[in-house]
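Quick one: the structure is below, questions incoming.
For reference, chains read A, B, C and D in written order, and residue numbers begin at 1 within each chain.
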Amino acid sequence: MAKSSFEYVKKFELDDTLLPDTWIIVRLDGKCFHKFSEDHNFMKPNDIRALKLMNYAAYQVLKDFNDVCLGYGQSDEYSFIFKKNTTLYKRRAAKLLTTINSKFSSSYVYYWSKFFGTQALQYPPVFDGRIVLYPSEANVIDYLKWRQADVHINNLYNTAFWTLVLQGKLSPAQAEKRLCGTVSADKNEILFKEFNLNYNKEKEIFKRGSLLLRQPVKMDESGAVISAIVDIHDDMLKEKFWVKYENLLDTKG
Amino acid sequence: MAKSSFEYVKKFELDDTLLPDTWIIVRLDGKCFHKFSEDHNFMKPNDIRALKLMNYAAYQVLKDFNDVCLGYGQSDEYSFIFKKNTTLYKRRAAKLLTTINSKFSSSYVYYWSKFFGTQALQYPPVFDGRIVLYPSEANVIDYLKWRQADVHINNLYNTAFWTLVLQGKLSPAQAEKRLCGTVSADKNEILFKEFNLNYNKEKEIFKRGSLLLRQPVKMDESGAVISAIVDIHDDMLKEKFWVKYENLLDTKG
Amino acid sequence: MAKSSFEYVKKFELDDTLLPDTWIIVRLDGKCFHKFSEDHNFMKPNDIRALKLMNYAAYQVLKDFNDVCLGYGQSDEYSFIFKKNTTLYKRRAAKLLTTINSKFSSSYVYYWSKFFGTQALQYPPVFDGRIVLYPSEANVIDYLKWRQADVHINNLYNTAFWTLVLQGKLSPAQAEKRLCGTVSADKNEILFKEFNLNYNKEKEIFKRGSLLLRQPVKMDESGAVISAIVDIHDDMLKEKFWVKYENLLDTKG
Amino acid sequence: MAKSSFEYVKKFELDDTLLPDTWIIVRLDGKCFHKFSEDHNFMKPNDIRALKLMNYAAYQVLKDFNDVCLGYGQSDEYSFIFKKNTTLYKRRAAKLLTTINSKFSSSYVYYWSKFFGTQALQYPPVFDGRIVLYPSEANVIDYLKWRQADVHINNLYNTAFWTLVLQGKLSPAQAEKRLCGTVSADKNEILFKEFNLNYNKEKEIFKRGSLLLRQPVKMDESGAVISAIVDIHDDMLKEKFWVKYENLLDTKG
């Protein structure tokens, strides 16, 4: 068998080991999810089923990968943060990126009906992924704040936009024009004065996104403590969050 | 909104553009598919349903990505070859790798029942992926020969092993011992003399793997020619294959 | 000795192996050589001593590194082309880049007086370097044509500019204004009509740059053939050059 | 001018920007300096002229590159540490690496006679270079300790070896055999008992290497404070060093 004469092609695979002791974040984004959400009649501005499915697919990732200490999701994107000293797959970038990406993608399809019931998935969705390194814990906290600030801005806009369209009977173009140039306070006022909607009372999952984290949970009877994956929807832009969860990015975690 | 003070974290995302005018191959591999195949009662040594599902998921990839000129699959792995001058996603490595990986993974779950009928998928499968560059067409041909030589060696071994176990009633350990140190001719002889099985007459898809390629197909009535994705199971180790398919890697393709 | 507890820092050095069987080009550029040329009274538009020193430093590089098959220099830059299958330093990028860069830099200083005589070198010069990969021989040929086209454009401009300044007694600003918007034919005409200078008769080394290559040379008496490093100043933009030097990029070379 | 048709080759030059806010260390090593030191009659085990020339070449680097906050040299190697938030050359790896490497190499030749007087430099030396990233200040401190521990081990060995050869009249092979398997205490004892040499009283520059740093220096008369580059030879393995120089790696520095 002339196998050996072809094996030289293996050498073209280059090493992609990531810098040690540095935070690794994998972020997945739905591809063409604007169209995907229309094809599947997602509620506007937010579809709680879709968000819960995202969270459940992310939960599958955290369940499989103990070295992922945190997940943060909003809209059609999800970020996964590895503990900084992970040596999973020898820190090879493509391996880390694709196993997370694949697990999330196949879980999204596999658990679709758990959240969408009889409404069928029309076609397999696609998520792209990227991998980014951060040298310090401060960077990672700013990363999370960056993504959560993004939720706030987008969700306030979308809430105002779809309220104008669905309740205000404006066309999408009219709604867009109406909101052009407005700041947050303006949008809050439109929602409150014209539609009696207090944005602050919107669901936290819509306003804050979802943080998946590992927490010690006391078992009722035995008193034993196990680590459970829980999702919370707090305001990470506030400092008291980081006081409350001071060990969130614990490198030992 | 203090968004801008966090946006600096975007700068940590580094450019991963791949060398221009160079062949890009993405290879996906099933993770823990030994266990996965047992959990889903795959036929041994080959399960035609599983192979066809792999091919169908790969077909979805080629259907979506016109710049993938070839796919080659065997067992639980699939390689996708981009035409060398592709500029898809500006040749950014992570983007190319993850969209292919995600599309394949979600398609595998989505189309599972098309091939496995009522036998349920027990859990979401995972495929890892890697991306490799090859500077010349000769390298790419050798890559394909390398993967096909791999099929040959593995499939002959597996066919002999499982025939000894299933028909010869050997234990797995006994079968392994029996085959230890044998060359191809020995395995062929065991199969033929002891089990009257002519390995050469085994299904081509088992012996050769599957090559997915784009071929011009003439429409019956109008005479118009369209490009269709077809799967073949030829012997790429023979030179006549490369004469027959001389434009397979046509850079214009 | 607590040596071992610090050795972990070695692991942060990542692999930078370059793609196999791909052309490696290292290009060095003088840093702030506009000022350097003024500080050392370089003749304008070209200083033959400076060009010869560049060539001699490059010659030292080719003499030391047998896997460099070609050098091409012009003005304050020099490119070195490795044969595509080189395995020097296991194709580690930083190693290849810095040894070439260092040898060239130290040679430039070491051999300064060989070309500049008693005119002292005022301070140590600096050359930066970059490393670029090319998958095909056609790319490498186009690279050489690109650099030589650059010489032509720059040298014709500089010749016209400095002739206007030195012989035409224009100020630099006036000369620049005079040449603004002119094409090659205009500059040739200015030189010929106003200064009786036929640009085509300028020294080839000024118009074409210098190509350092390895050529078989017959020894007078014994008839033995050895490989010598020679410099030529031909027009690589013409096809006849590539016919004459058909083995220039011979991968076996 | 057909320039544009070749310019596409520029696109093959890929981005090599280094991760932001991460410590960049460039380390240079003399190539074949064992031979170089023999060719230039370096004193054994240490040649103070050679070490001072290394320090002076490194001083030229720090003088030119304000973003290099520290240099550390020993034997034929020198490390340069950039402040972690440097944006010099947009943090492009090859640019940083080669300009440091070139400046050092050309300075080594340029200033040779300042330290070696009439003893001629026989040929241009070569230094290779590498670039390594460290995410935290603790890593950088461990890096410096790693290099200094290396000096200690090597210098004690070399001192014992050359004392045995030069004063003890052993052959190199005999000296090597004599030291085989000895620990530090053994070597100290050989030096002290047999040659009355107290290793602790050897020159600090031999035992510790040289650290080049920037320090505020008060001008005698005016009282103005300027930043000066000074070299020290302290023991970085002791914690009191890091207390004394608590701002050595100040990111603001």
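Methods note: a residue touches a chain if its C-beta (ideal position, glycine included) is under 8 Å from a C-beta of that chain, and two chains touch if they have at least 3 such contacts.
Keep in mind the model is a prediction, meaning the values are calculated, not measured.
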{"item": "Chain pair with more C-beta contacts, A-B versus A-D", "value": "A-B"}
{"item": "Far-end chain from chain D, centres as C-alpha averages", "value": "B"}
{"item": "Mean-CA-position distance for chain D and chain B (Å)", "value": "51"}
{"item": "Rounded Å distance, chain A centre to chain D centre (Cα mean)", "value": "46"}
{"item": "Length of the line joining the C-alpha centres of chain A and chain B, rounded to whole Å", "value": "31"}
{"item": "Residues of chain A whose C-beta touches two or more other chains", "value": "8, 12, 14, 19, 21, 133, 139"}
{"item": "Chain D residues touching chain C - in the complex, by the definition given at the top", "value": "1-3, 5-10, 12-14, 28, 31, 60, 64, 94-95, 97-99, 101-103, 105-111, 121, 123-134, 139, 142-143, 145-146, 149-150, 152-153, 184, 237"}
{"item": "Chain C to chain A touching residues, read off their complex", "value": "8, 11-12, 14-15, 17, 19-21"}
{"item": "Chain D to chain A touching residues, read off their complex", "value": "19, 21-22, 133, 135-136, 139"}
